[in-house]
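Shared between the two complexes below is chain A, which has chain B as its partner in the first and chain C in the second.
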Partner chain A sequence: MRKLTDVGVAIVAGCCALISVGLLVGLVAVIAARGAPALSWSFFTGQIRLVGAAGGIFWNLVGTLILLVTACAACTPLAVGIALLERVWLTGERRRSWLRTALYAMNGLPSVLFGLFGFILFVQWLGWGKSWLAGGLVLALSMLPTVTLALIERLRAIPARYVEAAAAAGLNRAQIVWAVLLPQARGGLITGTLLGLARAAGETAPIMFTATIFAGATFPTAIRDSPVLSLPYHIFILAQDSFDPAVGTRLWGAALVLLGLVFSLSLLALPGRLKQHEEAHG
Partner chain B sequence: MAECCPNPEPSTRAPLIEAIGLSVHAAGRPILRDVSLAVHRSQVFGLIGPSGAGKTTLLRSLNRLNDLIPGLRVSGEVTLHGASIYASGTDPNALRARVGMLFQQPVVFPTSIEENVLFGAKRLRHLPRSERPALTEHALREAALWDEVKDRLRTPASALSVGQQQRLCLARVLAVRPEVILMDEPTSALDPRSTQAIEELILRLKAVHTIVIVTHNVAQARRITDWIACVCVRDGAGEVVESACCDAVLGDPQCREVLDYLAQVPA
Partner chain C sequence: MTRALSWFLSLLALGALGLMLGIFTWQSGPVWQAEGIGYLTGGRWFFRQHQFGALPMIYGSVVVSLVALFLAAPIGLGAAVFTAEYLPPRARMPVKTLIELLAGIPSVVYGLLGILLLRDWVYERFARFDPLSGDTLLTAGVLLAVMILPTIVTLGDDALRAVPAAQRRAARALGLLRAESILHVVLPQARRGLGAALLLATGRALGETVAVFLVVGRQDNNLPSPWYSLRPLLESGQMLTTKLGGAETHIAWSDPVHWAAIVGLGLILLALTGALALFGAAFGRRSDA
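This part shows the complex of A and B:
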């Protein structure tokens, strides 16, 4: 009986794994098969024309990169600050766990809420209108918990003997942060940021009210009323209008490019994650 | 307590480090009770005693490293040059720069040999780039490691053997120029050759530095220490049961606990 249960569980677990892997492979295969015909040099370098039925996605790609760079620049210092607050400056496990719980809760917030928050704060209250900076900051907020929690985990894994040896040498807390904690947590910061960016790159909801329009924007030169084009919003709009076969192909092409972008960001983070796993589990 | 041999320093001179009625509690439970001892300049002061008696806790009370452990409460008095190190105005970081420490397991930072030597020194005082090579060489020579590493100062310190790593840690301590060096069983993780190297170093260093060393090795204590305090457990907490010059404690112990301890460990 016990053996039977064992075999049963193994079969169920195997099926679950197969289904999830199958779904992923199927999804990638469909997007690749439908999107590949659209890919060409001019698709990457051309401007959008005829409401997406012709032309390329150059400014969409540029816009998404602008948003990601802004998000990264805004998120990283904040994440480092919060992680150090949790690890070094907060005393007492109770306060730390409060902070961590808040981060986990923030991680679970629907991304459309971040979008609404950004809309109220930046677009309306600060009067920026749709702006690349507003979008970048909202994306930074949405990826903040991922990056911070990854960094906290990395800091936690630093052996106590290093901190002890540095303290015994007479270093104060700030010096220990600079000399021991930050250098050793660098890998965790890079990994966490790349994972956060991979998630942020595909988000539509946070940027659709705050930063991005469908057509007519190029490189922003100001903050106020300076929207950008972006890949996810492009896909979102085209998907509602995909009866035209020319639009359809380009829609799948854009989806394939976005998938490639997200996939390569995750892939870049892989060596760091493997190293961390190795250090933690031998 | 036996007063069989003269103190290395004239007894009229004030001790460099003095503990008076030092007690340490963890979560209300006593670990050390009413410890008093006096360490004089240029002395090698040994702390011996059975495992778990609180030797390491006592050692770490002398540079306030116990402050890092939450829930540990230190009472009583420890003075350095007559000034209380637990007084509210004392900066524990400045104290630890004057009272260096060598751990049981060598702790090398994941960086180059040179950066490890300069780790504390370059952060604690203004150290122009031009003076760094000289300080590195000086500290490594003092730690008897220079000849083995002079051609690979920029290579990772983790590639060194454990014995070399411990001497590198000593060089790192020496580069900060402390008055006192605390050593917590510095040779227990090392092979006999490295142990010998460290012991020779201790005997050389005591000309300029004062050393407090915890050791489990009675033969080692006999070879290098001038004065010994034996820490044993009485009523659930560590106490200094006997404190005298090395030969007196090891040759003619007055105390039941010390006799028992010496009978257990191989001499």
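This part shows the complex of A and C:
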């Protein structure tokens, strides 16, 4: 009887794992199988024609990249500032844990709320209309907790003797930050940023009210009323509206490209994560 | 200088967060004045008649998240037990990496899969209950279950691995079989972390927007009667997030009370997800995955 339970639990757990992995791998396989026929050189270099039934996704890719670069540029300094505040400048465990709690809470907020916030603040109050900058800033806010928490983890893993040695050499705290902490934590910052970007790249809700339109935008030249196209919004609109088979193939193609972009960003972050994992578990 | 810069940047970020909370509270003011508590308990939302009751949206969000949790929790926790307790350490990292990679599939892609595959599947499967279409609360729940599955697996696995190996060795030394040591030693000790994993997954489900937007049907004013009826599961419904993501957000801007009603939905969502995230953080340690 005991033996039977033992085997039973193993089998049930194994089946659960198989279902989980199989389901998710299966979904990726479906997207790859349906999207692959659409991929061609002209799909990447052409612009949308006939409401997505012809042409390519060039400006959608460019728009998504503009949003990601903006988000990255806005998010990184903020993340470094907060992480340093938590690790270096705040005194007392209590205040630190308040700050971390705020980050955890922020991490749990749905991205659509950041989108609504951006719509009120940038689009309406500042009068930008739909703008790449508004979208980038909103994405930066939504990925901020991910990046900051990863950076804090990394700063925490720096051996205390490095800091002690620097202090013994007569460096003050600001000098220790620049000479020891930031160089040592650079890997963590890059890993965290890549993870944040991987999530931001696929987000639709934060940018649909603030930054992107479906067709008719190219490279933005100003801030006001300068929307961009983007991959997620492209898929979002076509998925709702279209039952044209020609659109279908291109739609799956766009989904496959977006998936490829997100997976590449996550995979770029992988070596850093594995290294961190090894250090943590010896 | 460095110190001042850190403070400045941090206050900028926290200021943005505070501004967001402030704007949501302040901008939703008019609807609380107009509807009072009826805003939360009212079941009718007709913006042309200036009737704003958020209950159908709250119901939709909660019931869809519960369906998702009900489906995903057993499988996810089972898979977490497998990766943490049965997989050899060498195989564990690749499997975990794969699952975390899959957690990154964008929600709009899930929405696309939902529209083109799941919708028809639900429609055919439940044909004898005669649903009007495949766009139902149940469809959204099943789709969300798949979406939160990786979160449950990876956070659950972390929680189980946080139980010291010495506990397992001690249990085995006392003659417990592997399954017994898992059921009677590891799981009870990891229950806080597992609870946190489920809370955070629920928060993610509540906040999910575009994937469910595409399959939930976005039918206003769908409430069950009697309240325990499961019938609305097979009807189109509306969730807090899908209402926020819809075209009504654009229409509402020009009318203060209507706009307040929309922002109020955001405030309700913020309170629900914020509370879950805080509980989750207090419950278990890691919550960044």
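Observations on the model:
We take it that the second predicted complex is superposed on the first by the 273 of 282 C-alpha atoms of A that agree within 3 Å, B and C clash if a C-alpha of one lies under 4 Å from a C-alpha of the other, contacts with A are read in each partner's own complex, and residues count from 1 in each chain.
Here is the rule we use: contacts are C-beta pairs under 8 Å (C-beta built on N, C-alpha and C of every residue); 3 or more make two chains touch, one makes a residue touch a chain.
Given the structure is predicted, the values throughout are model-derived calculations rather than measurements.
By the document's definition of touching, of the two partners only chain B reaches A:Ala169; chain C does not.
Shared-chain residue A:Thr249: touches no atom of chain B or chain C. Comparing chain B with chain C, the partner in contact with more residues of chain A is C.
In the superposed model, A:Ala179 lies in contact with chain B only, and not with chain C. Using the contact criterion defined above for the overlaid structures, shared-chain residue A:Arg161 touches chain B, although it does not reach chain C. Of the two partner chains, neither chain B nor chain C is touched by A:Ser131. When the two complexes are overlaid on their common chain A, residue A:Thr70 makes contact with neither chain B nor chain C. Using the contact criterion defined above for the overlaid structures, shared-chain residue A:Asn60 touches neither chain B nor chain C, since it reaches no partner. Within chain A, not a single residue is touched by chain B in the first complex and by chain C in the second.
Chain A contributes residues 91, 161-172, 175, 179-180, 183-184 to its touches with chain B in the complex. Interface residues of chain B facing chain A in the complex, by the touch rule stated above, are 63, 65, 68, 70, 93-98, 100-101, 103, 105, 107, 109-111, 119-120, 123-124, 169, 172-173, 176. Residues 2-3, 5-10, 12-17, 19-21, 23-25, 27-28, 30-31, 77-78, 80-82, 84-85, 88-89, 99-102, 104-114, 116-117, 119-121, 124, 141, 144-146, 149-150, 153, 173-174, 177-178, 198-199, 201-205, 208-209, 232, 235-236, 239-240, 251-252, 255, 258-259, 262-263, 266-267, 270, 274, 277 of chain A are the ones touching chain C in the complex.
By the touch rule above, chain C contacts chain A in their complex via residues 1-3, 5-10, 12-14, 16-17, 19-20, 23-24, 27, 74-79, 81-83, 85-86, 93, 95, 97-102, 104-113, 115, 117, 146, 149-150, 153, 177-180, 182-183, 200, 203-204, 206-210, 214, 241, 244-245, 249-250, 253, 263, 266, 269-270, 273-274, 276-278, 280-281, 287-288.
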